[in-house]
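For clarity, chains are labelled A, B and C in written order, and residue numbers in each chain start from 1.
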Amino acid sequence: MKQHFREWSVAGALGAMLVALAIFAPRFYEAQPLLSRLTDDAPTLIIACGMASIIICRQIDISVGSMFAVCGVCSALLLEHHWPIAAVIPISIALGAVLGAFNGWLVAGLGLPSIVVTLATMVTWKEALRWMRQGVLVNVGSAQWFGLSQIHGQLTIIATSLVILVISALAMRHLAMGRFVYAVGADAEAARLAGLRPRLVTFLMFVRLGALTGLAAILNAVQAATLQPNPDSGLELKVIAAVVVGGVAISGGRGNLWGVFCGLLLLACITPALVYLGIPPYWGKAIQGAIILLAVVADGVRNRKTRT
Amino acid sequence: MKRSLSLLLALGLAFGACSKSDNNAPASSSAGAAPAAGKKITIAMLPKSKGNAYFISCSDGAKKAADELGVDLLFDGPTQTDPGMQNQIVEGWIAKGVDAIAVAAENKDALSTALRKAQAQGIKVISYDADVLPDARTFFVNQATPEGIANALTDEAAKLMNNEGEFAIITASLTAANQNEWIKYIKQRLAKYPNLKLVADPLPSNDKQDEAQQQATTIMSAHPDLKLIMAICTPGVPGAAEAVKQAGKVGKVHVIGLGLPNENKDYVHQGVTDAVILWDTGKLGYLTIEAADALVKGTLKPGDKEFKVGDTVYKIDGDNILLGEPTVFDKSNIDKYNF
Amino acid sequence: MAASNSKSTGWKAVLRSHEFILFAVLVAEWVLFYALGTHRNARGMTVGFGSLDAQYNILRHSVEIGLLALVMTPVILTGGIDLSVGSVLGFSAIVFGKLWQDAHWPIAAAALAALVTGAAAGGLNAFLITWLRLPPLIVTLGTYSLFRGFAEALTRGADIFTGFPASFTFIGQERILGVPAQLPIFALVAVAVWLLVHRTTFGRSFRAIGFAPEGTRYAGIPVERRVALAYILSGLVSALAGLIYTARLNQATADAGTGYELAAITAVVLGGTSIFGGIGTVHGTLLGVAAVAVLSEGLFYADQPRELGGMLTGVLLIVALGASVVPKVLSKWRSSRQTAPSTPQPPAST
């Protein structure tokens, strides 16, 4: 319990929030809107699974929002031209993987700092997409919900995200590659001396994040009849905040996905909670910032105590 | 040597990009060519943001006018709504030496600052869609006053709700100036309908369709008696409509808003969205360029009571050139329009 | 990069330095855009990129981001980062506007309050980063949301503060002795930061801290205090940038400065400062600010689409990063091809 204090405290905060909502705003738990919200958050969870590994191995990727938009628009365009969904999904994943590989090559191959590389790719893809698309909506039409009924589509998307979560969590624990990520994050030089290949591990994590982003993008694109092409500035903040609040240390080497899951839900609850509780929406950003700081301060206080 | 290689690469990229002919700034004077001595008039048009379908449809009409008049049209704007960027673009146009500037203001006061400088340099200034301060421009091409828009929305809402019930507003971002003005006038208009209740603070969608969808879903759930959602930004209308559809509340919760016909045709035909209110954006852009050109040539002057374009005569009310009334697009007429 | 080889002194080193190459790129950009974007109008006056107006515009428009980049440099030199600078700009602009417009404070007092707010915001960052030893990236990510949230809460998102007296907006809009009025302020801050970082032992410790924090601590330098000061300075200057922004636009809104932090970081990194800390110069940052400003405004005068500026900035950033790394990679590749795998190499004597 002590070892996973962070994860338990986030889970606790989430639990407290959910209980408070049950008391003060029980309508929060109305089935259909709740399902809608979970479906909307599912793509973010998928990306967070990838981002957690990136941060654990001491890198960061702030271009996920732009990759998400590019993959989303490309998949939606294919769907608009009546390509079969079975073909579009792997294409979206592959496109994301390629974009991620580009980041990974610059970071792992050339040794460039990930924050700057992904800053550059974020700006480049974002502006390129804007230039290409000029704000015109893409019509997904009959491919909405994969052609299934709404409820089946929503459950499919939520189930997919949970499956990815479970597989990722297990892989990080039990697969050798999963453990390598922790090793590289804790001390890359030691890992190299121990025979691991930190640069390969890092590269693969960027590719994985890109692929997961591509998957998330198509899961998002089918949620409405039309897709807006403007890059979502704010997705990277959402994902990174969820990962960090969930206990993954930015200094690398620790954290797990259960904390990330709780962190994501906690932060995702803020906006609807404000509406249900009748709190004006302009408090949203301040609350989000406060939660991030509290989460990190909790880390710091604990560190100070254990240090002496 | 390797450093110079990368330097050359950077330069080559810059060179290559710049020499590519650009089809997004239509009919602009080609860079580097010796300009004729003041023969072709250059009119610069500023939208609130560049990649915005609403303003792109305005620019289509503007391009048509520019072609007919034989003027150069520069269409440029911030790529995302940015409070300071509009000023920078206007100041750049002053330094470029354009003949006229037409703006849709994101921030009225801020932009007026730059426009006054343009006027001081002899550049003609008009505003369209979203006005600036009156002393910063000669005319405002007015598709509808903010009060008129707010009234149209509120009246339509009241009609659909039978003059009583709860409704909610979905806005763009909390800081969007146009929307905030409309909200102000909507609240004023509500005095006329004492049984109509605005059930929460306007919910921000940050101009994102899926955020609008989420907000709509949540507000319907938090207020089960909600009868109508009013989306006052273009991405908000399809977003709210999708939310109503997914909640299975078509017919129980009405959706109206300000939106482009093309983006809403399907929802209107499915009966999800009752009506979208807008105006002919192409005509707005067309009239704007015509007025700017006439100002430069001197055929349009302050104090004129009307402005003739081809066969149409537009009334001028004070310093507002009136486009006409906002149009309500619903099942009966939405298919006639393509923008 | 700069100081590692024996040729670290003399004019050859200057020519090979990142800053000089960036300077050359800047000059090349300038010449290119001058050629592409300058014309004569009907009255025979120079218009476009080459006109004095345009050049002044480039300077005026980059002052706010320039200030943020200047003060971001010492922060990054210590191995940290400050993502909250844009939000502090907005927050202090709102405090300024609200005190002047709603509480009717005199302009000078309101401006002072804004500066204090900025310093206090920096102080919060400093406290969390140096006292609680929290990672700067996450702390400033949190304060990025928090301060923007304060600005939105104070204005309920919607309030606009405007109508400032001409004596104030003068700073942002008019010229003083022929140059735009905010330039002397910017120049003053630039010189002050340069002197601080490059000529005082205080400032030189920033690079030491970024390079080897533990070593610096053992050398007796009060690391925490120095780093704290860097963040407080960052907040203070961000507030100053907020005042200039408000003067330039004659308006303060809650979204002022959105996205400026990334532009500042771009300029700093472009200028040769390593994001890991320990390496970098203030003049490099200034060149970085200039390079990006000339690029985006130059494209405007050359009638190129706005989005191209963003894309090229991203490319430029990668090229700038890559330029310093490519030589290393190539030499490593070359040496690995030359070494026969079976011949043991004697250890390099130190």
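To be clear about the criterion, a residue touches a chain if its C-beta (ideal position, glycine included) is under 8 Å from a C-beta of that chain, and two chains touch if they have at least 3 such contacts.
In this text, all values refer to a predicted model and were calculated from it rather than measured experimentally.
Undergrad: Could you let me know which interface, A-B or A-C, is made of more C-beta pairs in contact?
TA: A-C
Undergrad: Quick one: which chain's Cα centre is the longest way from chain A's?
TA: Centre of mass proxy via C-alpha means gives B as farthest from chain A.
Undergrad: Rounded to the nearest whole Å, what is the centre-to-centre distance of chain A and chain B, using the mean of the C-alpha atoms as each centre?
TA: 33
Undergrad: Any idea how many Å lie between the Cα centroids of chain A and chain C?
TA: Each chain reduced to its C-alpha mean, chain A and chain C end up 29 Å apart.
Undergrad: In chain C, what residues contact two or more other chains?
TA: Those would be 152, 155-157, 259, 305, 307-308, 310, 315, 322, 326.
Undergrad: Could you list which residues of chain A touch at least two other chains?
TA: Residue numbers touching two or more other chains: 127, 130-131, 233, 280-282.
Undergrad: Among the residues of chain B, which are close enough to touch at least two other chains?
TA: Within chain B, the residues that touch at least two other chains are 24, 50, 79, 174, 204.
Undergrad: Taking the complex as given, what residues does chain A use to touch chain C?
TA: 60, 106, 110-113, 115-117, 119-124, 126-128, 130-131, 233, 237, 240-241, 244, 249-251, 280-290, 292-293, 296-297, 299-301, 303-304
Undergrad: Would you mind writing out the residues of chain B in touch with chain C in their complex?
TA: Contact set of chain B toward chain C: 2-3, 6-7, 9-11, 13-15, 17-18, 22, 24-25, 28-32, 34-35, 37-38, 50, 74, 76-79, 82-84, 87-89, 91-92, 94-97, 107, 109-110, 112-113, 117, 173-175, 177, 180, 183, 204.
Undergrad: Would you tell me which residues of chain C are touching chain B in their complex?
TA: Result: residues 16, 21, 24-25, 28-29, 32, 35-37, 39-43, 45, 47-48, 51, 53-54, 57, 60-61, 152, 155-158, 160, 162-163, 169, 173, 245, 248-251, 253-256, 258-259, 295, 297, 299-308, 310, 312, 315-316, 319, 322-323, 326-327, 330 of chain C touch chain B.
Undergrad: Enumerate the contact residues on chain C facing chain A in the complex.
TA: The touching residues are 81, 128, 132-135, 137-139, 141-150, 152-153, 155-157, 259, 262, 265-266, 269, 274-276, 305, 307-311, 313-315, 317-318, 321-322, 325-326, 328-329.
Undergrad: Spell out the residues on chain A that touch chain B in their complex, using ranges where they run on.
TA: Per the stated touch rule, the residues are 25, 27-28, 30, 32-33, 36-37, 40, 127, 130-131, 133-137, 150, 220, 223-230, 232-234, 271-272, 275-276, 278, 280-282.
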